[in-house]
Amino acid sequence: MRLQLSTWPEVETYLKTSKGIIIPIGSTEQHGPNGLIGTDALCAEEIALGVGAAAGALVGPTIGVGMAVHHMEFPGTMTLRPSTLVLVIRDYVTALAEHGFERFLFINGHGGNIATVRAAFNEVYAELRAARGASAPEVRCRVISWWENEGVYGLSKELFGSSEGSHATPSEVSVMQYLYPDHIKEAPLDPPVAPSSQFYDARDYRRRFPDGRIGSNPGLSRPEHGKRLYDAAVAALADKYRNFVGEP
Amino acid sequence: MRLQLSTWPEVETYLKTSKGIIIPIGSTEQHGPNGLIGTDALCAEEIALGVGAAAGALVGPTIGVGMAVHHMEFPGTMTLRPSTLVLVIRDYVTALAEHGFERFLFINGHGGNIATVRAAFNEVYAELRAARGASAPEVRCRVISWWENEGVYGLSKELFGSSEGSHATPSEVSVMQYLYPDHIKEAPLDPPVAPSSQFYDARDYRRRFPDGRIGSNPGLSRPEHGKRLYDAAVAALADKYRNFVGEP
Amino acid sequence: MRLQLSTWPEVETYLKTSKGIIIPIGSTEQHGPNGLIGTDALCAEEIALGVGAAAGALVGPTIGVGMAVHHMEFPGTMTLRPSTLVLVIRDYVTALAEHGFERFLFINGHGGNIATVRAAFNEVYAELRAARGASAPEVRCRVISWWENEGVYGLSKELFGSSEGSHATPSEVSVMQYLYPDHIKEAPLDPPVAPSSQFYDARDYRRRFPDGRIGSNPGLSRPEHGKRLYDAAVAALADKYRNFVGEP
Amino acid sequence: MRLQLSTWPEVETYLKTSKGIIIPIGSTEQHGPNGLIGTDALCAEEIALGVGAAAGALVGPTIGVGMAVHHMEFPGTMTLRPSTLVLVIRDYVTALAEHGFERFLFINGHGGNIATVRAAFNEVYAELRAARGASAPEVRCRVISWWENEGVYGLSKELFGSSEGSHATPSEVSVMQYLYPDHIKEAPLDPPVAPSSQFYDARDYRRRFPDGRIGSNPGLSRPEHGKRLYDAAVAALADKYRNFVGEP
Amino acid sequence: MRLQLSTWPEVETYLKTSKGIIIPIGSTEQHGPNGLIGTDALCAEEIALGVGAAAGALVGPTIGVGMAVHHMEFPGTMTLRPSTLVLVIRDYVTALAEHGFERFLFINGHGGNIATVRAAFNEVYAELRAARGASAPEVRCRVISWWENEGVYGLSKELFGSSEGSHATPSEVSVMQYLYPDHIKEAPLDPPVAPSSQFYDARDYRRRFPDGRIGSNPGLSRPEHGKRLYDAAVAALADKYRNFVGEP
Amino acid sequence: MRLQLSTWPEVETYLKTSKGIIIPIGSTEQHGPNGLIGTDALCAEEIALGVGAAAGALVGPTIGVGMAVHHMEFPGTMTLRPSTLVLVIRDYVTALAEHGFERFLFINGHGGNIATVRAAFNEVYAELRAARGASAPEVRCRVISWWENEGVYGLSKELFGSSEGSHATPSEVSVMQYLYPDHIKEAPLDPPVAPSSQFYDARDYRRRFPDGRIGSNPGLSRPEHGKRLYDAAVAALADKYRNFVGEP
């Protein structure tokens, strides 16, 4: 059930039986020579919709631009400053909390978001406490990346082994190929497996990873792998959502 | 051409021949008993994609949650504070400006956004000037709502006359019915044409417009009307985009 | 009745019979070769004082520097960033709301302020709601520019026709000549009627409008025209104020 | 020379021979039973205009609402939050610095402003340095209250002795009676000399000083005293301004 | 070498041979019945000073109050909002970067800080890029918690096994007993090993962990264990610092 | 009693008999050729701990980096922007106020902090009032510099006369020599007594005071002088603290 495809009376009805909602959050950033710039946003969104369908959960609008400061040397990358992203998440959560939502599961598509998202959760808790004290609504926020579960992790390992890498991975590119079969791109990957290391700001990133990939060989991506990964992610996250809203 | 479905080398290539980009901006807010909460975001997004296709323009990610403070007494409505939305727009524009984009057309689906969006444009101009002085990139930002053109205006009048109203209108509901035929909702509308007046904060809004509509009868909505309106909007906005990027 | 020329016991007494207050808001920005930099602030202030006298309303202190980012290439122009102006308006309204004021009419002298002022009103509504929930004071804010009424509009048209333009207009210059007869300036206007178009940032503005005017011929200004315009504005706005505070 | 009564070409000419400008800053806050709420703003403004005339200095628009958080239990008091006032001063100074102004003398009418104004000056210095580094304009900001000079101090002592106090003083009330002879108010003052002490927040202030005055007997105010104080202030501050702009 | 115990000429000299600096960051928050509120700040500070001595590195002033929103139901806990901590880190880094420091190692004593610290690093990168573009200083920031290394981890396991837990651990309490032998506290611990689970806001935290501990038995703490842990941490982090500043 | 060396149950007990707390605040900035960069932070901290011991007061964590924008041309100086320092103080006070602390004495080591600290106190009062209205906790904040008392002032005059100056003074350097005898530095002071004047931004400061000192001869510093000054400061401030918490 997608919030944006519901009416307000339908949401009112939903709130009578559930206080839970899923918010997809991704990023709009370079994903190497053959990966799509919206990979993290669209994977998160589509997996969240799958989870919503599986678990009977409402799915809110996607935060499509995340924290991608380090990718800014590649054309097309967009980013919110961390301080902006904190405010966006604050506004999302406090708006929905006014209606009675209490459990917020952020399904995440971009590792670079996690720190800022967690900072934002505490900003929300602090603001609600400052404004309302003991009568503040007791919201609970959690962020889970779609690959953070045994199912997806095991499949990635089985399918791509050490060529998975950590950015522009064959797993995420495969999921996109499955979801957007009309947008499968071909591009030379040289070397096939990209280098891997720590990095700092955007200039440093581009020097270390000239085509944008980190440690990955997205040339191994296939739509059929994507389907398996997608299904695994949805199944695992639907379980996590059920547990989350069921916590006492 | 959708930014999120492009690779960074494709964006690099695009920038060699165009500095223009379209950003859809909408809202996630109640749209009366039978209107979808995502109406403003999804109309803006889909019309923007149509304009992008017609005019060969890149279309960036949608700002799906806008300024809807006044709708907050209706479950499911989300809003950014105006101050947050200013920062989001600042981040969108300045990130893209770093890559060389210079002309930003925001295709808007929500009248309530316009004031804040315009404030944001001047915030962007002021920040760039403060940071970079005479060497700041010369960005140009414009916002146009999809119904702000003779084609759509004339059609709305012809189809719905004085039942068009100004919120949860049969025009926007029709466009959604055309775009999302599986999500056409039935709901009693009493009175058929909603009341109309000025309003202030969210409590005031709800008292004046108990079911959320202002001056409209969305019971007149039809998918086939939606198609005509959609086509008219795309045609008109594609012209406006071409003029905008062609301005000296 | 001017707030700054009242004592606090007088304000306490006023609040027993009225919750309304007028706030003048203008700008300090270039007004072409013969227009005064304070035109928008001083017109708004003087008209507001006239309205206050006519309608028995308290008039608060003027916001004299507004949103004039686009005029910054002309010496003497001052501007608040939009984000600052939002905070100023927030502080004005929330301070006065603590005392019991509930209806805030901003009499505006500068078109460029309107978007930011409207964004600010929603920021106020959102902040009060976040801090106080259902017990927040129900403030109502409205902004009206002094020329937004049939009386002034008709007079401008009659007096100046198509030479009115949209910045450094003969109407506003005339009002200033009436109000400040010792500060009537002479300056060459070449061409007599300035060019007119859309514009973007400050550099763009200066290139398009080299002497600062948009579409106007302020050489037609006369103090006696100013008096008629002033009187028409005061009469129209006094009516609007009465209606506003009388709204249920 | 008042900035708001000048044209932009006149300011351009002024800048060829001077980089100095005066900004009046006051407050809109209770001034006891017979003192006017605008005392601090209007004294600062009128004295600044006198100084401008005496020293040939440009005088910018008044910051009429200052930092008066502690007066907020008295109807009619307005305040900016300190954080807002910092931004307003930042915007004033940086806007004028873009045109070439370098020496900013803030003529102050309210002791409670001083801390925040000084904080703001360092915020300005820090921001300019962060944005522009070694090429930042070298602005110099100073704040002087109109009574901070031997002339005014000696006169106050001579005229009112220990009944001067520190808020709603007979000196400032006298200056207002001189400047606004039509707004001289009569009100009982009981006790004639108000109590005096440290204070903290607004509730604490009102408990300690129930009618708003601190240590003063404004019943001693006379317009003719006001004239002497005004003249002394203008003379002393004109000297200070000349020294300030003449500093190497 | 402690920055606060150096003179500015000594720092000038240091910068000729090193661009590295260590910043300790901790928290001031409850640490269970027998743990000291300053545990995280003082462990980080003392370990950082040890690392500075071992590696010849300058050690800056400690950020003693961190992100401890979730501990706020326990008296004595202090916290910065995440948004404040971001600004503090921004100011620390940008101030030192002006002098030429380029490598910033934050030695951390509190797991709850990490997300916000990482968000802050990207805020710094983004601000420097926005202000200075390609000429921005290339700073590199890293955060390492003192227990994030094989040496400390192995020792903790050996000494405390599954009684280590994750807050108010016997490891950190032992280090404090070693560093502050005059402040070893006795307090009943019931149950000896505290419960363990996920948690959300401060109220939720206190309900789940009534005495403040998570999963730990700090009754096992001993100063001599503390010494071994301290030495292991210093040795491991000195290596990490050397590698960090030695990175190309 | 040092907050960071207490447990939360000890703080809970303390609050049963006292609502007072001391917060040391200093700066990390150049102190001339032989003064330590941490002078202001460490003097404030150590004196505060002495006062805490003498008066039985809890002493919170030091704010070690203050407002030192004007010292930024000297290597090793750190500063918070005034706007950041306001937020830090807000967070310190509001966090402690949640536990029931009501009287906050900031013992200050840096004259440059005072304006911003006072601005911050009013920001705190304003925020608490905005969020909680009449039910806001009534906190009282005061800042006192350690030399602001007859004892220290008289001693400084006796020991150093006109060579005391106002930055990098022999008084503060002496206190540091007493507190940190292993870090007494020798450095040429030329001229022995530094120049003295007004100053503005950091570049201006460095031109006027090339080695960082203002009006002082810290060559006169001696640890034994430091001991006398330290003892005088502690005695005087312990009295002030007792008076402050004893105020009705």
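We just call them A, B, C, D, E and F in the order they show up, numbering each chain from 1.
To be clear about the criterion, a contact is a pair of C-beta atoms (placed from the backbone, for glycine too) under 8 Å apart; a residue touches a chain by one contact, two chains touch by 3 or more.
Keep in mind that what you see is a predicted model, and the values were worked out from it rather than measured.
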List every chain that touches both chain C and chain D.
-> B, F
Lowest number of touching-chain links that must be crossed from chain B to chain D | 1
Approximate Å spacing (C-alpha centroids) for the pair chain B, chain E = 46
Rounded Å distance, chain E centre to chain F centre (Cα mean) | 24
So, what's the distance in Å between the C-alpha centres of chain D and chain A?
-> 53
Residue list for chain F, restricted to those that touch at least two other chains = 72, 79, 81, 83, 98, 127, 129, 131
All touching chain pairs, where touch follows the definition stated at the start | A-B, A-C, A-E, A-F, B-C, B-D, B-E, C-D, C-F, D-E, D-F, E-F
Okay, in this complex, where on chain E does chain D touch?
-> 94, 98, 127, 131-132
In the complex formed with chain F, which residues of chain D make contact?
-> 67, 69-70, 72, 79, 81-83, 86, 112, 114-120, 122-123, 125-129, 134, 138-142, 198, 200-204, 247
What residues on chain D touch chain E, complex-wise?
-> 129-131, 133
Given the complex, residues on chain C that touch chain D span 2-12, 15, 28, 30-38, 41-42, 60-62, 64-65, 72, 74-81, 83-84, 87-88, 90-92, 95-96, 98-100, 180, 183, 185, 187, 212
